[in-house]
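What follows is chain A paired twice: with chain B in the first complex and chain C in the second.
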Partner chain A sequence: MKLLTHNFMSSRFLKGVNEGYPLRLHVTKMENRDVEFNAEFVKNIMSKCDYGALRTACESINEASKLPANLPDDLSEHDDILRELHRVLFCIEVIEGELECPDTGRRFPIHDSIPNLLVEDNE
Partner chain B sequence: MASLRVRPEHSGPPELYYNEVEASRYASNSHILSIQAEMAERALELLALPEDKSAFILDVGCGSGMSGEVLTNADHFWIGLDISLPMLKIASADKDAQDNSDYVWQDMGAGVPFRPGTFDGAISISAIQWLCHANSKKENPRKRLHDFFQSLYASLARGSRAVFQFYPENEQQVDLIMSQATKAGFNGGLVVDYPESTKAKKVYLVLMTGGVANLPPSLSCDEPRKSQVDNTERTFTISGRRDSKPAKGSKAWIEAKRQRMVRKGRDVRHESKYSGRKRKPKF
Partner chain C sequence: MTSVDQSTAESEYVHSIYSRLATYQKQDKRSSQTSHRIWPRVRHFVESLPPGCVVVDVGCGEAKYTSPSVFVMGIDACSEVLLSVKQKSKLDLMLGDAVTLPLRDGCVDAILNVSVIHHLSTVTRRRQALKECARCLRVGGQMLLYTWAFEQPNGVFPSQDVLVPWNLHETVINGRLPKVKFHMNSTKEQRIIEASIPVNITSNCEQPTTSSSRWFSTILNKVNTIKEALPSIVSLSPRKEGPATLPAASPQFLPTTKSLISGIRRWSPMLGRRLASLIVPVEEQFAEELSQTILRESVTEAMATLREVTFYRFYHVFRKGELEDLVESTPSLRILSSTFEHGNWCVVAEKVPENYVRI
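On to the complex of A and B.
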């Protein structure tokens, strides 16, 4: 699972959860992959991304050292920031770990980089 | 006829049907592969995404990633949702797609697990009909469809579309799906490609968020895109009568005629070794 996916995931589908965002990330195994850099796509996706949530997720896995506290208004002029965003969004692959619903504390396991969000009928 | 074909959704829940054996069989079938890819391409076309721009797409019921391959080739980033883990494992093992995709193991009837306004579009190939069947007492197809469409509507960006290809079993099924989609706030309808052909006919449910827009025209022509092999015409005929009748003038024909005359009580010459023989040329 990439941090990009994590940034958009929410546990709203659980009963009684309205926000369910951001899911807390616990990682036991991760990997760095080489993914082609596409500046245009990173810029597009950053317009929808929740930067606060992304930074918190990166901090929890000690990958936030190069991320600025606040994003500049115009990203096109900051190639280094775009590349760093690309690295955390696309290259980091969470292989094993857990996602935790911030409202209920329900934990969803991540195994072989596929998060398991299946729930029982009464949840 | 479609109704006589075995429908996998009648045999049980998808997570049990698409076990490891069935998943690998499905994923390695080249016939299924080419049809799925063709339908995914058409679905992508119906999404009407802005050109030359990578989009963020949700693939509902992505299976082994056949439809996702089309999205990958079009340079989109996509998230695949499926209830069958063996299928997801096959999909995520594909090295070519890894950079452009991510997978989530989830039951679509429980709702789409993403925050509002996430996706630029959603596609689903041959998956939504699974929602119309209840596999346990607690499952209510109407409610599951409702939860699914409602959460999908929320997770789509305004003005984006969702395209579902499916094989409707009957009118009621189409009505059920349509009514739940409309209740969730979608507008849109069915686009039926090649309605005149039983085999090439494909049904796409095109759902739009925000504003009333015209449905895209469906494909229709005398020569539909090939999705099956033609049955070659047989050039030989089997006729019992022709075989039983001897050639006129042959020894068997003479003998048969003689027998016929005997039965009628006529006076005929007896059969000998000379019967039906050609006479020697006379000077």
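On to the complex of A and C.
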């Protein structure tokens, strides 16, 4: 699971949960992959991401040191930031761990880099 | 017409069957090319999205529709299928439900919903699945829907809610050629439509519906129907009315031992289990049922390569106009195009703002 995917996930499908976002991230195993950098692609993707949630997720796995507190208005002029965003969004692969609903504490396992968001009918 | 509980239709005749079929497909990559159609229109839809789009593939299965210029998130309820998908840098997978998507509101640019909602057993759930897609789409985002059609060029379905046979002996397994009988006057498609079994979907809510109790009671149901089911699987004659009892989703080859007090279980599994637990602990009952199931399934798998085996999958096939009506009844969706393609209805819809006025 990439942090990009984590940025879109929510546990709002649980009963009594309205927001369920962002999910807390607990990682026990992760890898770094080589993925070709494309500045335009990263820029477009970032327009759909919630930067606050991305930064929080990076902090929870100690990968936020090179991320600014706030994104500059025009990313095109900041190649270094785009490359760092590319690294955290596409290169970091969470293999094993858990996602935690911020409202209920319900935990969802991540195995073989696939998070499991299936729940029982009564949850 | 035979009745099937709405949750059984999906858990037994959709989810568990796809898990089983996934294990066959994993054995031979070539078979996936023959058994799963790639829709050119879907591929074109994905490839023509602007670079950097975020796409969700609901019920993605083997996640066939990817593109180097977009990011795809594949969601499926079947772990066996997802684990067989090759990892790509612009693709991520998650286990989730098509009726309750695990995504935040308005975050995606496009959604694929290909051959998914025809496996949902009630109109409420089919509508809910569309509502979920609409919720996750951003305004202006598009979704592509495919459903199997009631109107078929090669046959007539006996009903809109049907159990459709999947003839494993007509599929390539392990590189071995399918054990096809030579059919002079019919195609594979004609035969599966002809052999489809009409069912009546009911909502039985008297039992608690946690997965574990559902799992338990479906095993019990299976046990009870095996005897009646066996002959109907073997028989090849077309059924217009449907058999008195349903075939098991996958065929059974082992005789089953009678449960402790099966007569009581038949009318109330909960009470039966409670009574039985006075004699044998619940854990032991579960363990016994589970080991029997595992044994039966492995025998079925072995037999599948040797002789004719038929799995059944539940479908709700859509009549002309039905898919459009379903989309139009979802408040924030607007139809852009609607077509009929190789026995399937295909709709492209767009998410519109809440204050949008329909013309």
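Here is the rule we go by: the second predicted complex is superposed on the first by the 123 of 123 C-alpha atoms of A that agree within 3 Å, B and C clash if a C-alpha of one lies under 4 Å from a C-alpha of the other, contacts with A are read in each partner's own complex, and residues count from 1 in each chain.
The rule is short, and it goes like this: a contact is a pair of C-beta atoms (placed from the backbone, for glycine too) under 8 Å apart; a residue touches a chain by one contact, two chains touch by 3 or more.
It should be emphasised that the depicted structure is a prediction, and the values quoted were computed from it without experimental measurement.
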Fit or clash - chain C, chain B, common chain A: clash
Mind working out whether A:Lys48 is in touch with chain B, chain C, both or neither, as first, second, both or neither? both
When you line up both complexes on chain A, which piece of chain B, out of 63-71, 225-233, 243-251 or 261-269, runs into chain C? 63-71
Overlap of chain C and chain B interfaces on chain A (superposed complexes): 1-2, 4-5, 8-13, 21, 33, 35-36, 40-41, 44-45, 48, 50, 90, 112-119, 121
Chain A residues within the chain B interface of the complex: 1-2, 4-5, 8-13, 21, 33, 35-36, 38, 40-41, 44-45, 48, 50, 90, 112-119, 121
Touching chain C in the complex: which residues of chain A? 1-2, 4-5, 8-13, 20-21, 33, 35-36, 40-45, 47-48, 50, 90, 112-122
Which residues of chain C touch chain A in the complex? 7, 50-54, 69, 71, 73, 77, 79, 82-83, 87, 89, 92-97, 100-105, 107-109, 138, 208-212
Can you name the residues of chain B that touch chain A in the complex? 53-54, 56, 77, 79, 83, 85, 88-89, 92, 98-99, 102-107, 110-115, 117-118, 136, 138-139, 147, 151, 154, 157
